[in-house]
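The following blocks contain the structures, represented as structure tokens.
Below, subunit A partners subunit B and then partners subunit C, in two separate complexes.
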Partner chain A sequence: MSSAIEEVETITILFVDDNPDEFVLMEWLVKGGVDQNTELVCVTDIESACKVLDEKDISMILLDNKLHLNDDFRTSVPVLRSKAFTGPIGIVSSSIEPEYFQEFEQYGADFRIGKNELDRNAIGFIIDEFAKKDTKLSDD
Partner chain B sequence: MLDEISLAFFNSTPNPGFLVNEDGTISLINSAACSKLQLKEDDTIGILFHKLFPVVAAQNNEKFEAITGVLVEKDPCSDKLRILVSLPGLPSFRTQITKSDPQICRDGVKRSIVYMNDHGQVEKLKDSYENSLTLLNAALSAIPEGFAIYDEEDRLQVFNQGYMDVYPDSVDAMKIGTRFEDILKYGLEQGQYEEAGFTEESRAAWLKERLKNHFNPTAPLVQHLKDGRYIRVDERVLDDGHIVGIRSNITELMETKSLAESLGDALDNIAAPVAFIDIETQRILYGNTAFLNNLQYTPDEITQLTLMDINHNANPEKISEFIDKIIENRGVVQQSRSQHVRKDGTVYPCVVNSICENGDNPKRILVFVEDESIEREIREELDYRRVQQETFIENLPVFIIRSDLDTTIHFANELYCDFFGVSLADIIGVKFTEFIHTEEIIQNLKNCLASLTMESPVRTYEQEMLSSDGIFRTVLWTNRLVFKDGEPHEVVSVGRDITDSKLAKAQIEEQAHALTLRNQALEQFAGIVSHDLRSPLRHIRLFGEMLMEEHESGNSENFGDYISRIRSSILRMESLISSLLEFSQVAYKQVNRSRFVLSTAIDEVKENLAQNIEQSGAVIKLQNDFDLNLDYVLFVRLMQNLIDNAIKYQKDDQPAQIQISADQTEKNIVCITVADNGIGIASEQASRIFNVFQRLHVDEKKYKGTGIGLALAKRIAEGHNGTLSLDTDYKDGSKFVLKVPI
Partner chain C sequence: MKYQKPDCLVDLDRAINKLDFYRLFKCLCVNFDLDLLALFDMNNWPEETAIESLMVVVNREDSNLVDLDVVSIENNNLIFQNMRDEMLHKVWNNQNVIEHIKFSGDMSSTTGISIPLHTPNGRHFGFWLAVPTSVTDKIDHDQLVYSCKLVFQNFFNEIILPDSMPIISPRELEVIRWSSEGKTSVEIAIILGLSEHTINSYTTKILQKLQVVNRAQMVATAIRMGLIK
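So, the complex of A and B:
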């Protein structure tokens, strides 16, 4: 048995964070950590994120846990899911120690990662693992 | 007629003698007959002997021989004839006569010599004996006891009907001349003596013992016969060897004795000392175990004592008087106090209850003794405990009241009286509801009392009470409904002044609250360190790495941007660290309350914020002053943060107008409001604004700060057990409401 992988041309990642410095850092990490074509769309709030979802085909969302006007991902993820986004949503946070992070799947998130853990390897792994969900597997 | 010798003998004999012819006529009399019977020979010769001396039962026409022969045959006990001598001038008497066989005299006539054995003495004795015997038999038959006499050879000589009645099974063997042993054996064969058993060995042993006792009686013995009767045998051996025995039926006595023994057993089991006293001798007849133990005597010893011996300093006259009184009132218990003397000489007080037996001739007194020493010990112990209990109650740091169901007090301890500043006499008879000053509490108390039941007789509640010194104290009352014979009887109320403990509890709660806040602060601090401080650090690290990459690739296009971002992160960190330090130093500082007026604190705030106020043109207006009891330093800080916040978030075109007012809206609570005309805060953000490092406005160029001011103000309010909140109904800007106890 053998398999063939048909690659998607561009992976579009929506990054939501209230600190614009994070955009610069994320671009740098993605650029250096991913081989295939990627597009990083950065917004500072959920309203903007929802607009992007209306306009673009997003492969994956990376969501800061504590956005300025929202408490945490438990309220922000459901908002994003309400826009019929079925792709992977990952929570990035300075700290993932609070207990409620154990229940991230219950609120519609697919994974969580601390910001201090984010480096190019981690970004590459996440994209391989989650953003390539639409890769097609075919039998010979 | 007679030869000379015979005639001489005939005349010399001392007994009267007669020579009688065959036809019974007297042919000669001797000298004794003449002298003792005063007969004259001439008047006697030729007279028929049996005419002169009538022979008992002789027929007139019978010949002398025939008469004597018949008589001899008729008297088997004697071969002697008896005649009645009744002569003129002499007392008549009976006497025996001895008659010789007829002999041929010298004149050829056959004659017999008749001698009188005496002249009445023997017959007199015999008559006397017979009379005595008759009298004895009559007397013996008259007594109910069995009477028997055995001779020296142990043969039955005399016995009466009573003897036969005692041993009915041996009657057939009771014949004059029968040996005692044979009579006993006969009775044994009939099974008359139950105590002898039913085997040969046992009966032989019994017989041996009985005979031994019979011949050597030392004490009366008691026989138990088969019909259940008890027979007492009293025997005595006379000097001549005769044995006299009396048998008495003592069955009733034995049964009575058995009853008495049973009574004795019962009395022995009675814990109270009991004794029987002989009325005549005042001797103690019996004492039960308790009586003996009290006096320390043995049963034998006690019966040797009289009332005089056991009563301390007894007066014999008084004792006799008392006994007379008991006898006079027989059947009625007479009580007296005494002091009994023990064998060892010690004395103990007692109450003696005496009663005389009924009957016309009472012999005994029954005595019940109550040892007062034990009762006294118990009484003294009870008194001691009562005093101890009263002392205990008086010294208990609680109020104790006993009252009727309508709350009328019939007991109150000293503490309760002291609390209201009244004496016990003033309180007794007063309803304790009168000591309560509000109708609401009285109603609550009544409801509480009404709810008490046998199933749930206890209720506890707190009550504010005004003491005599005018201070309200909190008392925790426990009311208990006491029942008597199944019916509610009284209410026992115990109250504990818990004012101090409540204050202590409040302090503890306050400290616990403060501790909770500190713990929360620590957690928050940890969260802040991990989130808010780690974030700029990470930025510095990553932007540094980017600089390195750019530098390695020889591209310096973004250097300025990256360095600028690193610098911003460092400044941010410095600001956060300073704020955290300030927060940790001020927010949970120990609250030291002092009295001051609100205007003083506001003046100091104005002084501290003088530069900001001047630059912004803000106007601060205190609408009214107020006396406060708060931590002055912390309160100034709180107000400073609120006023600074109002200045910071003022509208672009309007200098801040800040209104401060104070009012006591609730008991012991002051409400201070700080209202401004600034940009305001959306109501949905009302709770978030007090979190540490929460800033609603990210534009630090316009609204500078770390977001710690309101959080710090809130912590200070909580440190005073107060609250700080945003009035979301206020639409003209922001209005903060501070409520703290003063």
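So, the complex of A and C:
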């Protein structure tokens, strides 16, 4: 097997959102905004997301804040972390104004971003900053 | 006070990681019609021609910019001399000068603005902004410079300064403790319910704060300093 082919990094993003219309937009953003191979896996609930984590090697999770009326990332992120997922988790929300968003790191999330702020350049920045695998420390 | 914080910077005091600051810089780009905003660490220039970019925000969809993580700038570059040695921002319309900033993409209908930034402890940074020439006259340049400096001040305090201050946070102390038990980043991430990225960024900060180069030295130094037993 040629090593040149093996070196091409594929970023697999798991997008969790209860509105399937958002999948179309996210697909468009990810495909156009990134200069490396990407795969987008979309599911509508946390249970399905956990199943994907069991089956696939996921580079990053983009998580809609409100998957259920009475839940938000403070309950859903710990569920994903309980699956021993150690990749970055970003919270995507129509509003990141509520004060509890300031505590995102304490709940195991890596970043928060408003849905209206997501464009191709922002997706590119997020992948560069959080999802690329070349950030391993030398003695790990 | 003559200048005011723009409405788009309402989240300024809530920004705590690089993406938060990316969002703020993007707001400035949209607010002032900038095509490009780049923040450079000027501390090693001109002794070294390689300059690290701390933040790059592109605000045009058709952009074909080159990779800006590190740029190489000759030590006689007038724009970077302004950012490194002067106090006031400068507007660059001279195509001969701008053409030397090749990383900015096609600058034929673009005006450049350089903004020097000097911190009280003698560190040097600089903004390079690209603005469509057609809107340059409509922009309040002083308000733009004020707004950029406002965001930089928080970026410096939240992102740059903590890396160089020898104060170990409780979370960082947990990372040192688990590292001393021989745990890897992934293992510590699982234990603390965080991502490997977060653990690596804590570890990198600790290495910088303790001025050491690897985990073994980090743990040994932490023991010597009495941070862990």
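Assume the second predicted complex is superposed on the first by the 122 of 140 C-alpha atoms of A that agree within 3 Å, B and C clash if a C-alpha of one lies under 4 Å from a C-alpha of the other, contacts with A are read in each partner's own complex, and residues count from 1 in each chain.
In this section, a contact is a pair of C-beta atoms (placed from the backbone, for glycine too) under 8 Å apart; a residue touches a chain by one contact, two chains touch by 3 or more.
For clarity, every value in this text was computed on a predicted model and none was experimentally measured.
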Assess the superposed three-chain arrangement around subunit A: do subunit B and subunit C clash, or do they fit? fit
Please work out whether A:45 is in contact with subunit B alone, subunit C alone, both, or neither, and reply first, second, both or neither. neither
Determine, under the contact definition given at the top, whether A:27 touches first (subunit B), second (subunit C), both, or neither. neither
Of subunit B and subunit C, which one touches more residues of subunit A? C
Put simply, what angle do subunit B and subunit C open at subunit A, by C-alpha centres, to the nearest 10°? 70
Could you look at A:66 and tell me whether it touches subunit B, subunit C, both or neither (first, second, both, neither)? first
Overlay on chain A, subunit C to subunit B nearest C-alpha distance, Å: 11
Would you mind listing the overlap between the subunit B footprint and the subunit C footprint on subunit A? none
Where on subunit A is subunit B touching in the complex? 18-19, 21, 24-25, 28, 66, 68, 71, 93-95, 97-98, 115-116
In the complex, subunit A touches subunit C at residues 78, 81-82, 84, 86-90, 102, 105, 108, 110-114, 117, 119-122, 125-126, 129-130, 135-140
Spell out the residues on subunit C that touch subunit A in their complex, using ranges where they run on. 14, 16-20, 22-23, 26, 57-59, 61, 63, 184-186, 189-190, 193-200, 203-204, 214-216
Which subunit B residues qualify as touching subunit A in the complex? 527, 530-532, 534-535, 538-539, 542-543, 546, 561, 565, 568-569, 688, 698
